[in-house]
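Look at the two complexes coming up: chain A is in both, with chain B in one and chain C in the other.
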Partner chain A sequence: MSNIKGKVLKHGTQTRTMHWVHLIAFTILGLTGIAFYWNIDIIGNIFGGFANASLIHRWAGVVFTVGPALYILLNFDRFSRFIDTISNFSKEDFQWLKVMGGYIPFIKVDEAPPQDKYNAGQKMLGWMIIFGCILIILTGFPMWLWRHSLPAAFLGFCYDIHFWTAMIMILLVGGHFFLAAIHPKSRVEFSSMMLDGYIDAEISAHHNAKWFAELKEAD
Partner chain B sequence: MVVGSPSEEKCIRREIKMKFFGEREGMTRRQFFKGAGMLTVSAIFLGAFSKLGFDAFAASTDYIEKRAAGLYALDEKMAIRKSHENPEIAQIYKDFLSPGEVKPVSEKAHHLLHTKYGKDIPNFITELKSKQNEAA
Partner chain C sequence: MSTVLTQGIINVTSDCRACDHCTSICPTGAISGLLGQRHKIDHNLCINCGQCLINCPFGRIEDASMVDLVKKALADPSKFVIVQEAPAVRVALGEEFGLEPGTNVKNKMYAALRRLGFKKVYDTEFTADLTIMEEGTELIGRVYGALGVKGYENKGPLPQFTSCCPAWIKYAEDKYPKIIPYLSTAKSPQQMFGAISKTYLPTKLNVNPANIYSVSVMPCTAKKAECNRPEFISSGYQDVDAVITTRELAALIKEKGIDFNKLPAEEADKFIGASTGAATIFGVSGGVMEAALRTAYEILSGSTLDEVDLKAVRGLQSVREASVEIPVKALGKALPVNVAIVTGTKHVDKLIEDVLAGRSKYHFIEVMNCPGGCINGGGQPIRREMH
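And now, the complex of A and B:
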């Protein structure tokens, strides 16, 4: 452990805002989607019935699309740095994946390999979320806007992709929530994304040693 | 404050204790190309998916047009093209549905030729069964 005392700004205000907007939109989309896919009255009634749930689903979809799009437009440098980080898989990342970062109880690890701002698991999650979002957005809008003019076979294809991508995304986000908010080893990161953006330097130096070294060097 | 004094050391300690590392700003050329590349890949993905949609729409429209043209062509070849001008239908009305005259939507025609849909079907089946039982 590093003995540096202090705080590191891990996620800026706009990143946190975008994360909140996307989280709320995703939760509404997931709940309404599940409600009318499996015809679950209890969830449908929360949104004022299935007709309203369907309407809310569509407009939450607009927020789900416009939120990150605006973020990318206004924060292209942050977005580029993020893409750079998650696309950079080094030897340490593969070593981290081999031991699953020490998160799996039966894989004994003394010290997980040093990581970037995001560890190898978060990098993989990042890619899956990006491609999942693209697929869901691309298939969602034709189902809403051109459902009367598109052939049934193409719409069916959109429905299948939309449904299965959503299912995978819900599972991924569930896992992400567990690791970021509940797991004792990593829940310290929760407040940095959901509240003030800061994380203890000591924790950062341990969990994201490579990134922290870069910050120290630049400081 | 005297340099090297205990108060200066205390200040330095506090400074170390309260050290804040801010977010890095700007981007390198590599980062720019990766960000722009990601947007380009997304745009290509959007284009490919849109093309799939447009092709499917064009194929479907083409099929519908050909099917409609086929139906019109078949219809044009028919000797009798309107049901109310069909002598067989007129005869059925005269003999059975409205005896002695051609009266479309006669009571018998309404009951025999009009059917039920959706939620009305179970009641209709019950009605038919009861009539069947009465006849037996």
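And now, the complex of A and C:
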């Protein structure tokens, strides 16, 4: 039995709010986008037909853009630390990736290498989500606002980039959801990001040992 | 029976990506649908120009095809299948075979058409010359009429509009029926060819006109509707039986396994295969105007136009104008002829409104629907990066 007791705050209120906003916007965007691409009437009708679904898609896109932008502006230090953390790939991160953090059943691991506040997988996901969002935003707004003036070839290019980036992001977010909410080893993360922001100190000490050590040191 | 007239020439496919790009391309507002919603074309409003088709980023707009009709006729030994090709086809067809845009492949095109089975390969340039002479002399008649010269009182009002672009003609008929008396009465080169192919030509070739199947290769999708207009039966038969586009000709050549680039250079068949340089520039915006002005100049002045700069009528601006002094031998004085060239039907409204209000300064107005003229027609090879 571990002697580490109590909880630590992992995600602040604004971070959790931004995550919720982005999650809801992304879900709406993903559903409506899939409906457009494959012409799925059932999904289109849920949103009041394809024209309305498109309108909802575009304004959800605005929320998808403005939500994180506001968060970054209001929490620039926190965002900088986040970028700093996910940019820093240490020897332990590469070792963690070699054993896939112990999440893959056929890779036997006694103890995963110590990790920062975000493990190596989360760091990679963070960058992929950031780049994916940028691509989706940079192609989405021209598809909406300049659809009449853009050359056909460029508009088609925007659609292709938008679609394939969205597909990759849906798969990434699906994997993220599985690990954060379903996988028995890590689902404790769910309540931390989606509810009160706290996580058991013992779990942090185990999953994010380097970060926990920093917290203890600061304490 | 469904025909191109009942089904429309241009249609959005069922897998439209609903990007809404086409609604800004359409000059008549015939395409409806909001962003995200499958678009539809109102065939009453559509002028069949095909600009939406070549500008659709996803290739989800199609034109009705008469290729099967042509194949059937070519396979029928009782049919005498002849073909004409518009000036703009020869400078675009090569693109489908990897050649630089603008490469003139007319001699290979003639060879390819013979190998496809056409009994006679003619050229629309011959009737483009006829159209120019017809429109030029008609303009002279109208100018004389306006000047009060006896015998020309009922030649029609000024300005005279060109009549060779079927998309523009449908636009005028649909939106401005009062402008119809101002349109040249000359048929388009395609339809002039169709008429003589079943009247004059059979007498020269000793062929029963009932057995002639007249095909035209055009850079234009609106020509498909034009050939089906019920009034084009001068010969007692449908003057032009089928129209295929430059794209469709290229597809036929590929389907037949013809190595286009290795074809020998051949000439068009005679009788109606000859033409002048005036016909060649017909497919470019300003070309009809330039050719007709040169013709009118020569007829009115009695001398050949050598060094008169008509470059003002060329170019890519949507509306261009020029004034040309033409010495009229019969009147013993020079007349200024004011002309305008419109490329893109959506730009013609103001000029028409001025004409109908009696305040137009022009004598002759050329209108072509497609940007730059027939060379950018809806039936040409699709190069989306160029649009």
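Throughout what follows, the second predicted complex is superposed on the first by the 217 of 219 C-alpha atoms of A that agree within 3 Å, B and C clash if a C-alpha of one lies under 4 Å from a C-alpha of the other, contacts with A are read in each partner's own complex, and residues count from 1 in each chain.
Simple rule for what comes next: contacts are C-beta pairs under 8 Å (C-beta built on N, C-alpha and C of every residue); 3 or more make two chains touch, one makes a residue touch a chain.
Small disclaimer: the values here were computed from a predicted structure and weren't measured.
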Overlay on chain A: chain C relative to chain B, clash or fit: clash
First, second, both or neither for A:I83, with chain B first and chain C second: first
Partner chain in contact with A:L215 - chain B first, chain C second, else both or neither: first
Contacts of A:M193 with chain B and chain C, given as first, second, both or neither: neither
Which partner reaches more residues of chain A (counting touched residues only), chain B or chain C: B
Partner chain in contact with A:A153 - chain B first, chain C second, else both or neither: both
Touched partner set for A:I43, first chain B, second chain C, both or neither: neither
Touching partner for A:I170 - first (chain B), second (chain C), both, neither: neither
Contacts of A:K7 with chain B and chain C, given as first, second, both or neither: first
First, second, both or neither for A:W144, with chain B first and chain C second: second
Superposed model, chain C segment overlapping chain B, candidates 63-71, 243-251, 261-269 or 279-287: 279-287
On chain A, the residue positions that both chain B and chain C contact, one per complex: 149-151, 153
Chain C residues within the chain A interface of the complex: 15, 17-21, 23-24, 34-38, 55-58, 384-385, 387
Residue numbers on chain A that touch chain B, as the complex places them: 4-9, 12, 72, 76-77, 79-81, 83-84, 87, 130, 134, 138, 142, 146, 149-151, 153-154, 198, 201, 204, 212, 214-216, 218-219
Complex contacts: residues of chain A adjacent to chain C: 36, 39, 49-51, 53-55, 57-58, 143-144, 147-153, 155-156, 159
Residue numbers on chain B that touch chain A, as the complex places them: 16-28, 30-32, 34-39, 42, 45-46, 49, 52-53, 56-57, 59-60
